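Below is one structure, written out as C-alpha cells; comments come after it.
When the chains are written out, they are named A, B, C and D in that same order, and each has its own residue count from 1.
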Amino acid sequence: MPGNSFGHMFRYVTWGESHGPAIGCVVDGVPPRIPLNESDIQQWLDKRRPGQSRFTTQRKEPDTVKILSGVFEGQTTGTPISMVIENVDVRPKDYAAITDKFRPGHADYTYFKKYGIRDPRGGGRASARETAMRVAAGAIARKILGESVVVRGALVQIGTLPVKRERWDWAAVDQNEFWCPDADTVPEWEAYLDGIRKEGSSAGAVIEVVASGVPPGLGEPVYDKLDADLAKAMMSINAVKGVEIGAGFKSASLRGEDNADEIRMRSGVPEFLSNNAGGILGGISTGQDVVVRFAVKPTSSIVTTQQTVTAGGEDTEISVKGRHDPCVGIRAVPVGEAMLAIVLADHLLRHRAQCG
Amino acid sequence: MPGNSFGHMFRYVTWGESHGPAIGCVVDGVPPRIPLNESDIQQWLDKRRPGQSRFTTQRKEPDTVKILSGVFEGQTTGTPISMVIENVDVRPKDYAAITDKFRPGHADYTYFKKYGIRDPRGGGRASARETAMRVAAGAIARKILGESVVVRGALVQIGTLPVKRERWDWAAVDQNEFWCPDADTVPEWEAYLDGIRKEGSSAGAVIEVVASGVPPGLGEPVYDKLDADLAKAMMSINAVKGVEIGAGFKSASLRGEDNADEIRMRSGVPEFLSNNAGGILGGISTGQDVVVRFAVKPTSSIVTTQQTVTAGGEDTEISVKGRHDPCVGIRAVPVGEAMLAIVLADHLLRHRAQCG
Amino acid sequence: MPGNSFGHMFRYVTWGESHGPAIGCVVDGVPPRIPLNESDIQQWLDKRRPGQSRFTTQRKEPDTVKILSGVFEGQTTGTPISMVIENVDVRPKDYAAITDKFRPGHADYTYFKKYGIRDPRGGGRASARETAMRVAAGAIARKILGESVVVRGALVQIGTLPVKRERWDWAAVDQNEFWCPDADTVPEWEAYLDGIRKEGSSAGAVIEVVASGVPPGLGEPVYDKLDADLAKAMMSINAVKGVEIGAGFKSASLRGEDNADEIRMRSGVPEFLSNNAGGILGGISTGQDVVVRFAVKPTSSIVTTQQTVTAGGEDTEISVKGRHDPCVGIRAVPVGEAMLAIVLADHLLRHRAQCG
Amino acid sequence: MPGNSFGHMFRYVTWGESHGPAIGCVVDGVPPRIPLNESDIQQWLDKRRPGQSRFTTQRKEPDTVKILSGVFEGQTTGTPISMVIENVDVRPKDYAAITDKFRPGHADYTYFKKYGIRDPRGGGRASARETAMRVAAGAIARKILGESVVVRGALVQIGTLPVKRERWDWAAVDQNEFWCPDADTVPEWEAYLDGIRKEGSSAGAVIEVVASGVPPGLGEPVYDKLDADLAKAMMSINAVKGVEIGAGFKSASLRGEDNADEIRMRSGVPEFLSNNAGGILGGISTGQDVVVRFAVKPTSSIVTTQQTVTAGGEDTEISVKGRHDPCVGIRAVPVGEAMLAIVLADHLLRHRAQCG
C-alpha cells in the first residue's frame, strides 16, 4: 500500500503540497445519516489555523473548507466525503534562495533520496500544511464518536518548561495562545519563546491529548492494539519524536504494585483507582480516560546559520528565513486531538464489525 | 481488518494461545530464492527463550520451530511460510485460583469487556508467549534485509537504574543475562532485581534497538512513515507504554540548532554530524543508524496483594503466584529487534515497489 | 499486499503445498461466542474430499481438520482460528518423470517465470489441494451467516451437456456423485465421463451456487461491490475461466424491459417479479437469491500426449499419468459454496461496521 | 475497508455524485519521475465522453480534468495525484418526477436499503458518471506500464448481434461510434439500435479488452491472481453481469487436449500455440495477450412503462425519460481498457516488490 491513507473502516487519504493550488482529503467509510455541514469542520480548522499569534507562522491562510461529495441535505450519505482547501498565501519565491541546499532537520534530503526529485516549494508533502486535512477528517471522526466522547488536548511543555500538573484547568486551555492548561505558566512561555525567536532559534514541545467517555472494548489485538494505532497516528505527525500512553516512560521506573491500577466496585461497576495504564490494557480500552502524550522537536527552519550541503554535493551554510513557527508544537495540539478522534472512530467501527 | 496481522508487503499473521496446543505464524510476501532453514530461525528463538536465568519466567519451553511450507530444498519459494511451535510446559491449573478475578494491569478485564468471554489460561492471546512468533518472523525479515543491515538491541534501564552510555559496548550485550551494553551495570541490576523479587514486586525497563546499514529512502509518507510504523510495531509489544526515535522526548527541550543534525561532505558523500533524528527525517530513512527506544512497564503479575474485583462484580484481593518474569523488559530485547527488522523488511519491499 | 489472504473483516490466509507435510489456514476476525467445533468444519470437508468416486482423483486423503486456536470450550473467542490438515497420501515420485517439462494448461511455466524456482511436487500452491482450506474457512463463514442464510451449489453442465433447468430439484443434488440437480442427467454424465476418461482426455464444467435468505444491503460500492468480490472469489478458484451473476452473459442479448426485474408489493413488502439481477443491484444485495455461476476448464493433466518444452528450452512431449480428476469441476461445487459463504460473511461484518 | 478504493500498490479512491458539483479521484503509489500532464489524461477521457453520438446519452459534459497535486514541472513526484472534473450539465429536475419511485434494474432500491437515504439525483454514486475517474486513473496506469504494453478494447456484441471474429481489424475500432472491430457489422448495429431506441427500449453488449506485451510473472496467487483481480475490476463497472478470461465459458465444453495451449520453442523462446488461457495460467501472466471479456446488461432507464413500487410502499408504474444511453455498453469500452491497465500496473508494482 502507498502511505497517504490512514485508518481501516474510517479511512481517509490526503493529497496536496504546501505551495500547490490546494490541499484536500477523501474520507471513506463514514456511517450514513450523520448530520454534517462545513461549519462542523471549519470550527476545528479555525483552531489550528496559522497566523493567529506571534508564536506561530505568519503565513495567512483562511483555510476555508469545501465539501464536494458525500453529504446530501445536511446528512452524510455513506459515500466518500471529499474536502478541499485552497492554498491562498503561497510564496514560492521565499524558497528560491535555498532551492539547492538541504535544510538540516528537514525532509528535503530524504525525499530527494527516495523519489529522486527536488520540489523546493515549502516542503511539499512534508510541510505541516498537510495537517489541516487531518483536522478536517478529525472533525468528522468526532461526529461519529458522538457527544458522549470528549476529545481534548493541551500543551504541557515548551522547551525546558513543563506545566504544573497540580494547577491543571481544562477551562484555561482555550484562553491562551498556547492551549496551556495552567494559566500561570503562560507568561513564562511567552517570555521564553520571545527570547528563542529573537535569537533566531526555536523550541520543542510536549502535547497531551485525552479522550473521555470512550467505551471499553475498543482495540484489535495483537497488532492493531488501540495504543499501537495511537502511537502510529501521533508519530506520523510532522516533527514528532516520541509517544507515550498513560504513565509512559515513567512506568519503566515504577514498581509493579505502584504501576498496576487496582480496581474496586463503585456504585455497582468496576472502577480503577488510578490510571497509569492511560485507559488501555492489552491494547483494548478500559473505559477510563485514554491519555496520550507526544514530543515535538524544535522547528528545523531557523535563522541561525547551520552547516549543510547542496544537492550537487558541496559544503555550504544555510539560514532559513521564510515564515516559520518558532514552536511548531503549539499548532500540533488540534492535530493531536484530531488523530486521537480518528483512531477512536476507526476502532469503534471495527469493534462493531466483529463484536456487534 | 482484524488485528492479528502486521506489515504490508512483508506480512504475517500470528495465532495461538499461551496455554493452547501450539502457537504459530504465517509469513506471506517473502521474496523467492532466499536460503532459509529452521536453524536460521531457531537461533533467534533461543535468545528469547524463557527459563534461561533466574530473572525470567521459570516456564520451560524448548520453543522448537517447525517450518511447514514455503521452503523447498533450503530456499524460499515465494509462497507463504507457515511456522509452528508446540506449547510443552502448559500448566493451566496455575490459573485455577484466579479464574474469577481480574488481575490489575492485565488484559483480563478488557478482553472480557470486548469479547464477552473469559479464557483464564495464562492470558490467552495477551500473553507474552505470542512474541515468540514475532521473533520467528523477524528472523526471516533479517534474511530479506541481508548482511549489510545489522539489527541489534540492548537493555538500557531496569527500574530506576539506567546504563552509563559512555561505557556502551555492543560486545558486552551477549555476555550477560540482561543484554546490558555496560558490564559495570550488570551487578547493580542483579542486586536490584533480587531485591525486587524477594519483595514480591517487579520492575520496568527501557530497551534500545538499533539498525545499521539501512539504505536511505525507506518509509512511506505521510502516514506510513518509517518512524510511525516503528512506533506502532514497538507499542504493539506486550507491556510497552512509550516509544521514541533518536533524541525522542529529550528533543522537546532542545533548541533548534542543537537538535537539527548538520551535514558535511565526507569522502564525497553527505554525512550527518550527529543523529538526534535517529536516522529518520520526514518519515524516511537517512542512511544513518535507525535508533528506537521503548519503555516496558513492570510485570503486572506480582505476589504482592492487590485490590481487584471478580467477574461477578464483588470486591476481592489477589496475589498472583505462577511463574512470572520479575522484569518482562529483559525478554523484550530480542522482540524489539525482531519488530525493527520486520518494519525495515516491509519498507524495503514497499520502496522497491514504487521506486524500483 | 501478498496474495494468499482473502476478505477484509472476515479475513483468512492459507498456506501449504500439495505434497508438503500439511496445509492450513488462519481465520481472523471471527465474532466471539459462536458455537464451533471440528465436526462443524469436517462435514463440509467430507463433501469435497477426493477419492470418493471414480470421477474424481484417486488420491486418498482423509482430510481430517484440527483446530489449534481461537476456540475455547466449544465457542469462538474472537481470536485467530488456526486450522491444519495433514497431507497423508503424498507420492512425489509420480512427478519424477515430468520434473523438467512444463505441463500445458498448468501453472508450472508461470510459477517458474515469476519465482525462478521449480517445485515439481504436484503443483505446489497451484494444486487444487489448497481448496480444502477454502472449504474449512467457508464452514466458519456459514456459522457467522447463521441458519437464516442457506448457501448451496450444483453442477449445471459437464462438457457439452447442461442440465435441464425445468427438472431442477435441490433434493437431488446430494443423491449423486456430481451434485447434479437433475437426476435424469446423471446417467448421461456418467457415460460421457467414462468415455472421456477412456480416451485419456478430460472435461470442463459449469457450477451454480446460490445463497437464499441474504439480507438486503450487503456490498460496498463502487469497487467492493458484492458481485465484484464474488467474481474475484470464484475466479481465484483453480481452473475457473468465467464468472457471471444472475442472467450473466445472457443479459447482453436481452432488451431493457426483459432484463430489469419489475417490483410489486406483496404482503406489505416489495417483491421482485424475476431475478435476472441475481440478487444484486448496484453492487448491493436486494434480498433475493444471490445467484453465481462459474466455468471450470477441463483438467489439464491428461494422458493424451501433448507438445511442450523443457525448463532447459527443448521441444518435447508429455503425457501426464498421476491420479487426476477427469473433471475437476465436480469437486469445485463445495469450493464455490465456500467462497460464496466467505464473501457474504465478510460483507455482513463490513456492513455492520459502517451502517450498524 | 470501505469500498471506494481499488488496487494495492497502485491505489486510487474515487469520490463524487453524478449531480453534485464535481467528481474526482486520488491516485497514490505512482512511481516518481514519470512524465505526466493533463493532456495525457484528457485524451482518454475524450474517448469516453458522453454526447458524442446519437447512441449515447445526450448529457453534454466537457469532462475537463485538472491535476491538483503530485506532479511538478511535468513529472510525477511520487506523492498522491489528485484529479478533479467539474460537473457542468447537471439537471436534477429531470429526476423530480421519479424521486419517490424505485427504478427497476437500478441501484435506487439497494442504496436506500443499505444507507437509509434517498438521493434521487441521477443515481448519485451508482451513476456511470463515476467511470470517468476510472478512465483518468487508467491513463496514469498506462504511463506506468510504458509503451511496450498496449491496452485496447472493442465492442464484440450488441444485443443479439455479435461481430464476425474472422473480420477482426483493430484499425477499424477507432473509425466508428461503437469501437467495433468489424466494419461490416457497424450498419447492422446502427439499424438495430435505432429500432431499439424508437421502441423505448435498450440493448446490452459484450466488450473485449486485450493487453499485449505484458511481461510473464504478473499476478499474486492464490487469491490475488491476475484473473481474479481482473474479474473484480470488470464486475465493479456499472451494469456488468459477467466476466471471462480467454476461452471463458466456452472452455467448459472443450476437451482437455483442445483447451490446454501446447508449447513449442520458437527462436529460442517458448511459444504457446494457442491462447485459450487468455494469457494467464495459475493466476500469473504467461506473456501472451491478456484477453478479458465482459457482458453489460441493457440500460435500465427506459421509456417503456414498468411496474414498480414507491419508497412509501405503494404499487406504481414508471417510464424513465431523462437522457440515457440506449446501450451503456458502448461507453464501457474505454472503461474496461482503463480497468485492465490499472490491474496490470498494480500487479507490475506488486511483482517488483516481492520478486525484484
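Throughout what follows, a contact is a pair of C-beta atoms (placed from the backbone, for glycine too) under 8 Å apart; a residue touches a chain by one contact, two chains touch by 3 or more.
Bear in mind the structure is a predicted one, so any value in this text is a computation, not a measurement.
Student: If over half the contact pairs have to be identical by residue number, which pair among A-B, A-C or B-C is the repeat of A-D?
Tutor: Having compared contact pairs by residue number, the answer is B-C.
Student: Does C-D or B-C have the larger number of C-beta pairs in contact?
Tutor: More contacting C-beta pairs are found at C-D.
Student: Any idea how many Å lie between the Cα centroids of chain C and chain D?
Tutor: 26
Student: Between chain B and chain D, what is the gap in Å from one C-alpha centre to the other?
Tutor: 46
Student: Measure off the straight-line distance from the CA centroid of chain B to the CA centroid of chain C, and report it in whole Å.
Tutor: Chain centroid spacing, chain B to chain C, equals 39 Å.
Student: Could you list which residues of chain A touch at least two other chains?
Tutor: Where chain A meets two or more other chains at a single residue, that happens at 1-5, 8-9, 14, 29, 32, 78-79, 114-116, 125, 221, 350, 354-355.
Student: Over in the complex, which chain B residues touch chain A? Could you list them?
Tutor: Those in contact with chain A are residues 1-6, 8, 14, 102, 104-107, 109-111, 113-116, 125-126, 130, 157, 159-160, 196, 201-206, 216-225, 227-236, 240-257, 259-265, 268, 270, 273, 276-278, 280-287, 295-300, 302, 304, 306-309, 313-315, 329, 350-351, 354-355.
Student: Which residues of chain A touch chain D in their complex?
Tutor: The touching residues are 1-5, 8-9, 11, 13-17, 20-24, 26, 28-29, 32-33, 68-70, 72, 75, 77-82, 114-117, 119, 124-125.
Student: Please output the residues of chain A touching chain C within their complex, sorted ascending.
Tutor: 1, 9, 29-32, 78-79, 221, 349-350, 352-356
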